[in-house]
Amino acid sequence: MTLEAYLLVGAALFSLGLIGALSHRNLIALLIGIELMMNAASLNLMAFNRFVVTDPTTGQIFVLIIIGLAAAEVAIFLSIILRIYRAYHDIDAEKLTKLSG
Amino acid sequence: MLEQAVIYTFVALVLIGGGLAAFSRQILYAIIGLGISLLGLAGLFLNLGSPFVAAMQVLIYIGGITVAIVFAMMLSIAMSIRPPNPDARKLGFAIACAVIFFGAVAHLIRGAQFQQIASPASEKAWSVGALGHALLTHYNVVFEALSLVLLLAIIGAILIARKA
Amino acid sequence: MDTLSLILLTTISPLACFIIAIIFLVQQPRAAQGLVLFGSAISLLSAIGLLVQGPVEPLRFLWFQSGAIQLQFGFILDGASLMFGVVVAFITACIMLYSVGYMAHDPGKTRYFALLSFFAWSMLSFVYAVDLLQSFIFWELVGLSSFFLIGFWFEKPEAAGAARKAFLMTRVGDVGLFIGILLILQLVSNFDIPSLLDPQTGLSTQVSPGILNAITLLIFIGIMGKSAQFPLHTWLPDAMEGPTPVSALLHSATMVAAGVFLMIRLHPLFMAAQDTALIVLSIATFTAILASTIAMVDTDIKKVLAYSSISQLGFMLMALAAGSLFAGVFHLITHAVFKALLFLCSGIYIHAYHTNSMAEIGRSGGRRLKATTLGLIIGGAALSGVPPLAGFWSKEEIFAQLGHNGFNIYMAGAFLAAFLTAYYTFRMIFLITKPDQAPASDHSHPEPLNMKAPVLILTLGAIVLGFFGSNIAQGLGLIPQHHSVILMISAVGVVILGILIAYFDYGRDNAPRTGFISKIAPLDTLFTNKWYIDDIYRVTIVAITHALSRILHWIENHVLDGNYDRFGLGILRTGAKSTRVQGGWMQLYLGWAIILLAVVALYLGLQ
Amino acid sequence: MENAILFAPELICLLMGLVLFFCTVLNRSYRTTRGIAIASGIAMIAACLWTLSLEGEPFFPGIYAVDFFSQLIKTVLAVGFLFVVIASANPLTVDRNGWLEVPLFFIFSTLGMMMMVSATELLTLYVAMELAAYPVYIVVALHRNADIGGESAAKYMVQGMAASAISLYGMSFLFGTYGSTYFSAISIPHAAAHPIFYLGLLLTLAGFFFKLGAFPFHFWAPDTYETAPHPVITFIATVSKIAAIGILCRLLSLAMPGGWESGHAQTALMWASVIAMSLGNLSALAQKDLKRLLGYSTVAHAGYVLLALQTFAEWGLTAALFYAIGYFAMSFACFLVICEIGRSEDRITIDSVSGLYKRAPFLSFTLLIGLFGLIGLPPTVGFVGKWFLFSAALQRGQFYLVLIAAINAAVALYYYLLIIRQLYWVEPATQNTIKPTPLIAVTAMATIILVIAMGTLPGPFWDMAARAARALIS
């Protein structure tokens, strides 16, 4: 596969993530959508790493760091979901309407 | 030929998994979709020459993050059993946004000329050893900062999820 | 003493007093009062010292420099600023002295005197400013301090409202001025006033006439706001809610005078911009007539004086726009003195009888306050232009200038305004001195000496100041316009006519005590309702602002926060199913941002 | 050793962070923890000042730059941290269980921001950005009401995560265009052949626009401002703004040579600036909640800063830095007062400050000065700062842009004046007076002095900003 094909797959994955992040009502589903978006970036980095860059370590490390940060992010976000769940017994994003006023 | 078929299978996994994650109304299916998609990505990473990153993707992302999401889902299961009402307008808006964005980016990608290198770097540069070396020389700050982020995330997660 | 220390003493001493009073003397109002008075006296003496020394070259200091841009700070010491500086310092001193009595029992005395001092500092620094940006800074500070002083009695809701109105309205003008200054920055990158005005190398030689007209017009918008010219005049009568000494200060030598003084400062630019000058002339004439007609029917003494200020400011701007710097300065100075006098007199009446109504003051026995009534009559006569008092000479100069340049229509307007001025002034005087019924009881209110003294000093000023016209012209380096005898006689005739009608309406023994205008009902209604200008604002600008803010509120709640039913994207069905207003829906935010990014990205890609 | 000196502010930040961590482990009292945090703030300031004139690269070359720009921003960040910790005395709106950890998260977030402004490489920048962001997500969630805290944290975090995912996606394109993550490799003239470079830069900037609360990623600002605990929002509104402006300056300085001429990036930024200031000001008009109002006003001020940055000139960069420092002081003055008067209230409406003049004269004076600054009245830094921003745009001949900004500044007067009216001209609902502690009074005094001093004697501050801008460009 060519670089362009990889990039297009990445763009498609990003767009799918976008759909997930924009259409779902459940906070966990939102998180999944955002994870897809981040993975699209990872795919881009790896593809560039293969086809464009002379020193291939940079892209790989970038992706590893992304994985690590995603883990941290998910930990915090899931704990927030639990906190909300305790308060509401519900994790429906659209019900988070108390804030508007 | 077979190699091509394998790659396209991975691509198909990525996209089908992504589609499942994006469109499924059942959270469990969405998580499974994410897992499939990540698995396909790991395959692509492998194909792009980096078995180590592929392994990490499987271990941490699929083995760790996805499982954590499943646990969170189960802890708040009461709400995720009932599939929320499909909302066509909201989905339509999301698809419209995504299509516009994809169109724009795809257009730009097709128009771009990247300076591709003639031949891939030596086997040695792709080795895990080189990766470890770079992580501890070039990117030592990044590495330290990442560990700090993880520490903070753990403290924070405990603090937030703790019962009052 | 050298010029530098004198000018520093003039401007800095009020500031120093302000800082010391506001920080250290909050608990000692008497000490604060003494200090502020002392500072004001120093300021006055050094301003006089400067005047005696005569005009010198401007002093300039570098305030800030970076690359090509340099901002300077300094003092311009020509005839206009020297003379007007003395007037400002003098009137401020008088009003402070007067305030000692007027505010004797007010709990916020320290704050009051500190603010007065701050006001004096801003105004004096504005008058002496050598740099246009420096002028603008102090111009803003003048507005700011008047905002606080108008709203000084903040327990009264009217006072708070008036202060806000004054601030907002003058700010509308300030935006114009600010944009004008920005234009100058962009065109010539130079704010030094003397070099901007230079006939050989100044602004008028560097830009096209159209641009010059635009710049001066923008500056004039600022002047309109500050000097309360139509249509930005409505804040000024409301500003009467402040303490009367503040009104006196605001209307004579500081706030409103700042606008006129800016035009004096930049007079050559306005003369080079022919179209602007004509616009200024028209607006000023119209304002002079408009304000006088409202003053004819108002019953509140302070409101009458306020409208009279608007009208007299119109006279000054007329003079300047018609081309006579001298007439403008002269009228500014004489007006400062007699208008301060009139306000101080009205303050004594209000203080003594606790009413603003002229008829009430008359009935309560206003004329028993001898010194005050003397001041009122002299000041009123000076305002009307009765020879040989101050106002006569300065107004004469304006008529002469208008006649000299052949502005016949404007001349007619000026005569009409002068007639109306004489009429409403003497209406006020007769209402107070010849009440329709004898005062009921004689509870005499003595006029405190510290209130009486400024009145008497200013009365003297209103009498003699007119004779110093040639000195003022000399100070400016100008020659006064030759007065034609016919013009003089007709001007006096107009004034006498006004006084006679006022006497007929209000002054004689069994006068009808209604104005002649009440016979023409539509006009009477129009004037009483202040030409409906406030109401027009209410139904236009205020309503538009409210509508706009409601629309935005609606957008925030419905479009951005995602109530689907109102969401106007074509592919989305609109239905009345779920009408509940949902707020805080975050995904729509994000979706819009993504679409925007995509559009920008496409725009970049298609280039 | 020399590297350690260059890295001193961050090192002290890190060490003191660990000390604070042990405080939480040993469960010391909040007083002790806060005392240590204050001490660390002072130590950080000292370290920043000590390293102010140093230059160098403490780590692998090209990753991390210490120059006057970074050290100046770090100094402001350290001051901001100190001030926020002082302001968060007795933070009743924060979950009682989380009090001890609040300074800890603040200090690590500050560390992340310090690393952000020194980062000269995409990966470092990304990690530093997340290090700065995550602790803030956590403290937002630590509201004493689990529902409010959870909600606002979830919203804030979803927006933040999405923005950083977009940013990351953009970075991947930057990486692809040049084959390197080093800023030194990324240059604009080379980019003319690469429209995809602009896509990358645009998407990367999106993340920082999120931080700055600038259009089109400003949506989180009002909601989060309204609901987050007061000390937390003080931190977000002051410290993280400085960091965001700093990193925006660094990124845009990449595009400095040729950025103006090429037009694309400039056009996009210009529109972002115009829309941000107009939308922010107009939306603020209708607000009743004081913090929400200030949230919209932040959006508007981000627009003013972009006005200078879109000139792609050294002067504009300097003006933006100068205004950033001034804005820090002005908005801190406002938020300090909010922290003080709203100790026990979740929401501060405009009515909450009614008659504050009688209840707390000094605090209301502080708020007044802050508001005067935000309005842009002389002699505060708001006036001079706006003047510099405007003249930067005028030097590029963008008169109409400045015209829009000037009209916007006039519109803003209206809603600020509403607050001032409540402050001074409305009778207070309650009579209980608020007496700030000496420490808070001194902090308020320092803020006021900073606001006035920068407005009356801008020279030294401007020179510093100019030096920083030069360090950035060269």
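Think of it as A, B, C and D in the order they're written, each chain with its own count starting at 1.
Going forward, a residue touches a chain if its C-beta (ideal position, glycine included) is under 8 Å from a C-beta of that chain, and two chains touch if they have at least 3 such contacts.
If you're wondering where the values come from, they're calculated on a predicted model, not measured in any experiment.
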| item | value |
| --- | --- |
| Central chain of the complex, centres being mean CA coordinates | D |
| Interchain centroid distance [CA atoms averaged], chain B/chain D, Å | 31 |
| Approximate Å spacing (C-alpha centroids) for the pair chain A, chain B | 7 |
| Geometric centre distance via CA averages, chain C-chain B, whole Å | 68 |
| Centre-to-centre distance between chain D and chain A (centres being mean Cα positions), rounded to whole Å | 26 |
| Residues of chain A whose C-beta touches two or more other chains | 7, 14, 17-18, 21-23, 30-31, 47-48, 52-54, 58, 61, 65, 69, 72-73, 76, 79-81, 83, 86, 93, 96, 98-101 |
| Numbers and ranges of chain B residues touching at least 2 other chains | 87, 90, 93-94, 97-98, 101, 105, 108-109, 111, 114-115, 138-139, 142, 146, 149, 152-153, 156, 160 |
| For chain D, residues that touch 2 or more chains besides their own | 123, 127, 130, 134, 137-138, 141, 146, 151, 153, 155, 158, 162, 166, 176, 179, 195-196, 199, 223 |
| Pairwise touch network: line, ring, star, complete, or other | complete |
| Parts of chain A lying in touch with chain D, wherever the complex brings them together | 7, 10, 14, 17, 21, 27, 30-31, 34, 37-38, 40-41, 44-45, 47-48, 52-54, 58-59, 61-62, 65-66, 69, 72-73, 76-77, 79-81, 83-84, 86-88, 93, 96, 98-101 |
| Chain D residues touching chain B - in the complex, by the definition given at the top | 14, 21, 24, 59-60, 63-64, 95, 97-98, 101, 104-105, 108, 111-112, 115, 123-124, 127-128, 130-131, 134-135, 137-138, 141-142, 146, 153, 176-177, 179, 193-196, 199 |
| Chain B residues touching chain A - in the complex, by the definition given at the top | 7, 11, 14-15, 18-19, 21-23, 27, 30-31, 33-34, 37-38, 41, 44-45, 48-50, 52-53, 56-57, 60-61, 64-65, 68-69, 71-73, 75-76, 78-80, 84, 87, 90-91, 93-95, 97-99, 101-102, 105-106, 109-110, 114-117, 120-121, 125-126, 130-131, 133-135, 138-139, 142, 146, 149-150, 152-154, 156-158, 160-161, 163 |
| Contact footprint of chain D on chain B as seen in their complex | 105, 108-109, 111-115, 137-142, 145-146, 148-149, 152-153, 155-156, 159-160, 162, 164 |
| Partner chain C, residues of chain A touching it in the complex | 18, 21-23, 30, 93-94, 96-101 |
